[in-house]
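Note that the chains take the letters A, B, C and D in the order they are written out, and that residue 1 is the start of every chain.
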């Protein structure tokens, strides 16, 4: 009986279209860049919306079933797949749709904001999007390692493209660290490969479940340590947060939107892979919970004492990454659902805040609480939007942040960890305080000097439309969380069963 | 089949020593240009080690990349900045 | 000398430690909030010793609370430890890595 | 007393390179030296992967004429780590290029290569 390989058509397109756009855009004149990049972003959005679910197998090996000793191409049959693979499932669907929607607005904003050397910058944005798409679809160690390494190099490039000396320093520090953690992930890959012999993660897990680890547990522990290192690094968890927040704060705000999307997706993807590979070892979940608790508290405390609005948001992104990883580290169904849902919500409300921060650049570019005054008089719309974004980030009911935080709190209480529930509440309250400090000084406080110019500033329409769309999305998800949860819950059940 | 294993293990011993000396010497040099050249020499030793470890294709790649490309990039950096290390 | 004055003066002195530059600014409120946050964070973390035994948790709670109150403005040290110095971050990374490996190996 | 094989020597050399590279990246002050230390670290990881793929008494994974498939699969060194190493060499070159470019840019601004001056922490 001959079965044919049925690779999904949309997965290669989702990877290749950003790559091709990045290559083409490099060689174009400034006027041609805008239509081509916007068209490409729209095509990616449409593909990600209409795509069916499926697999992409790189080598085209048939899967091997050890029970019947037969080879098959049907992915639903239990067996060793023996191949490098990408998955496009419900989780990938929702994540890629949201991030390509964000890509559309970021790309349009960057064509308006930047005047010179647009091409390479646009290429970097597209490659950043590509890395975040790949990392959520990946199901083998080889591509995981490549995408973490290349994704970090692109982050370095985006941070350095901002052009200030702070951003160059941030990029250099991040690049040095990327070298160390990339080497660590390669070592971890080598250890898992030596232990199981499979590069496909599903195969490695099946092997570990079937044959156990025996006296080679130490090797798996060290692999886990290096995995955690790259996890911390890719998502900016606790010891790395000074470098990652510097990267967030030093880039342009519209680039930071894509940077935070990438790091959230990396946290979710690597976290789920860690949970699947290592959850049989003792103390693994505890380590993950410990890291995320430290991250969310230190992030929010550091956000309180910042003076620059960009850096306040940068540390809050770090702090809310802690909430995401906390859900994944709990390892229960509620925890995982809450963590992944928190990642989605986080991407949306941080996008609102960062787009408002981008709007500050059109009012003279001052984002420090010491320098900027009275934006509310110049633009009531942006002020309303940033307050709504702060409310969403703090987790107040009509917005989306509430829904995921309540799931996380319930998961913590169910696990018997009420202290962590208290800490989550503290984080959401302190988020509001930290944001309101900045918002009051920059937006609401009247200018001290009367002779400020009252010249009208025209905000780009894309910025306003983007903010409105994401606020509406935030409210819709806040009222009907099921439209996201129905994508997440089947994936979580699958992860916990395997 | 020719037995190459005995000759390879001698190569491996020599290259282990060469790699160790090369790595440490490259980092102890005050002259950055010389450090770049010594790291290139270390790459040659590594390429021979790859050969001994049954990966001649990687040996070829490492020989080209490690002796021409990487020291080239570093030497470019040295020429654009400064040649000696500050105290 | 009444007791209220001394308490007020003590509080004033304690608050003055947060002031950077001239006068109370919005940064000062941030520092004070951060200080209280950090205190509560440490106290809540110390409650975690209840997993091992409840008397130990009570002892640790009292001990850590006194300790944190004794070194009262710790927020500046926290800020200094979270500075973006490359070597400091690398140092903390090595410490974390060692702790993770030690805990997991001990657990197995 | 385990027998000393090429694989063991490879692991030792990889450990030496990784330790020296990590130490150099952590403790050396000069930025160019840090970059050189990174290349050593990357070489060490490559060597670790290649030594992992080695099979004692094996052959180079090339299917020569007159060799049966079963003999090839039982004796050839593993191919997959070689693919990883090839990728790692390329990624190492691009990382080095980016690092050197950033170092040159920072040197133009600060006039020094000392990491303790350029990369020291600062309050924002």
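Basically, a residue touches a chain if its C-beta (ideal position, glycine included) is under 8 Å from a C-beta of that chain, and two chains touch if they have at least 3 such contacts.
For clarity, every value in this text was computed on a predicted model and none was experimentally measured.
Of the two chain pairs considered here, A-D and B-D, the higher C-beta contact count falls to B-D. Centroids built from CA atoms put chain D at 28 Å from chain A.
Measuring from the averaged C-alpha position of chain B to that of chain D gives a distance of 11 Å. Chain B has its Cα centroid 38 Å from the Cα centroid of chain A.
Mean C-alpha position of chain B lies 48 Å from that of chain C. Of all residues in chain C, those touching 2 or more other chains are 79, 83-86, 88, 90, listed in ascending order.
In chain A, the residues touching two or more other chains are 173, 176, 180, 242, 306-307.
Shared interface positions of chain D, i.e. residues touching 2 or more other chains, are given as 25, 103, 119, 121. Here the chains touching each other pair up as A-C, A-D, B-D, C-D.
Across the complex, chain D meets chain C through its residues 25-26, 115-116, 119-123.
For chain D in complex with chain A, the touching residues are 18, 22, 25, 31, 34, 38, 41-42, 44-45, 48-49, 52, 80-81, 83-84, 87-88, 91, 94-95, 98-99, 102-103, 105-106, 109, 118-119, 121, 124. Chain A meets chain C in the complex at residues 170, 173, 176-177, 180, 217-218, 221-222, 224-225, 228-229, 232, 238-243, 246, 281-284, 286-287, 291, 293, 297-298, 300-302, 304-307, 369, 419, 422-423, 426, 430, 433-434, 437, 440-441. Those residues of chain A lying in contact with chain D across their complex are 142, 145-146, 149-150, 153, 156-157, 160, 165, 168-169, 171-173, 175-176, 178-180, 182-183, 186-187, 189-190, 193-194, 199, 242, 249, 306-308, 311. Residue ranges on chain C touching chain A, taken from their complex, read 26-27, 29-31, 33-34, 37-38, 40-41, 44-45, 47-48, 75, 78-79, 82-86, 88-90, 92-93, 95-97, 100-101, 103-108.
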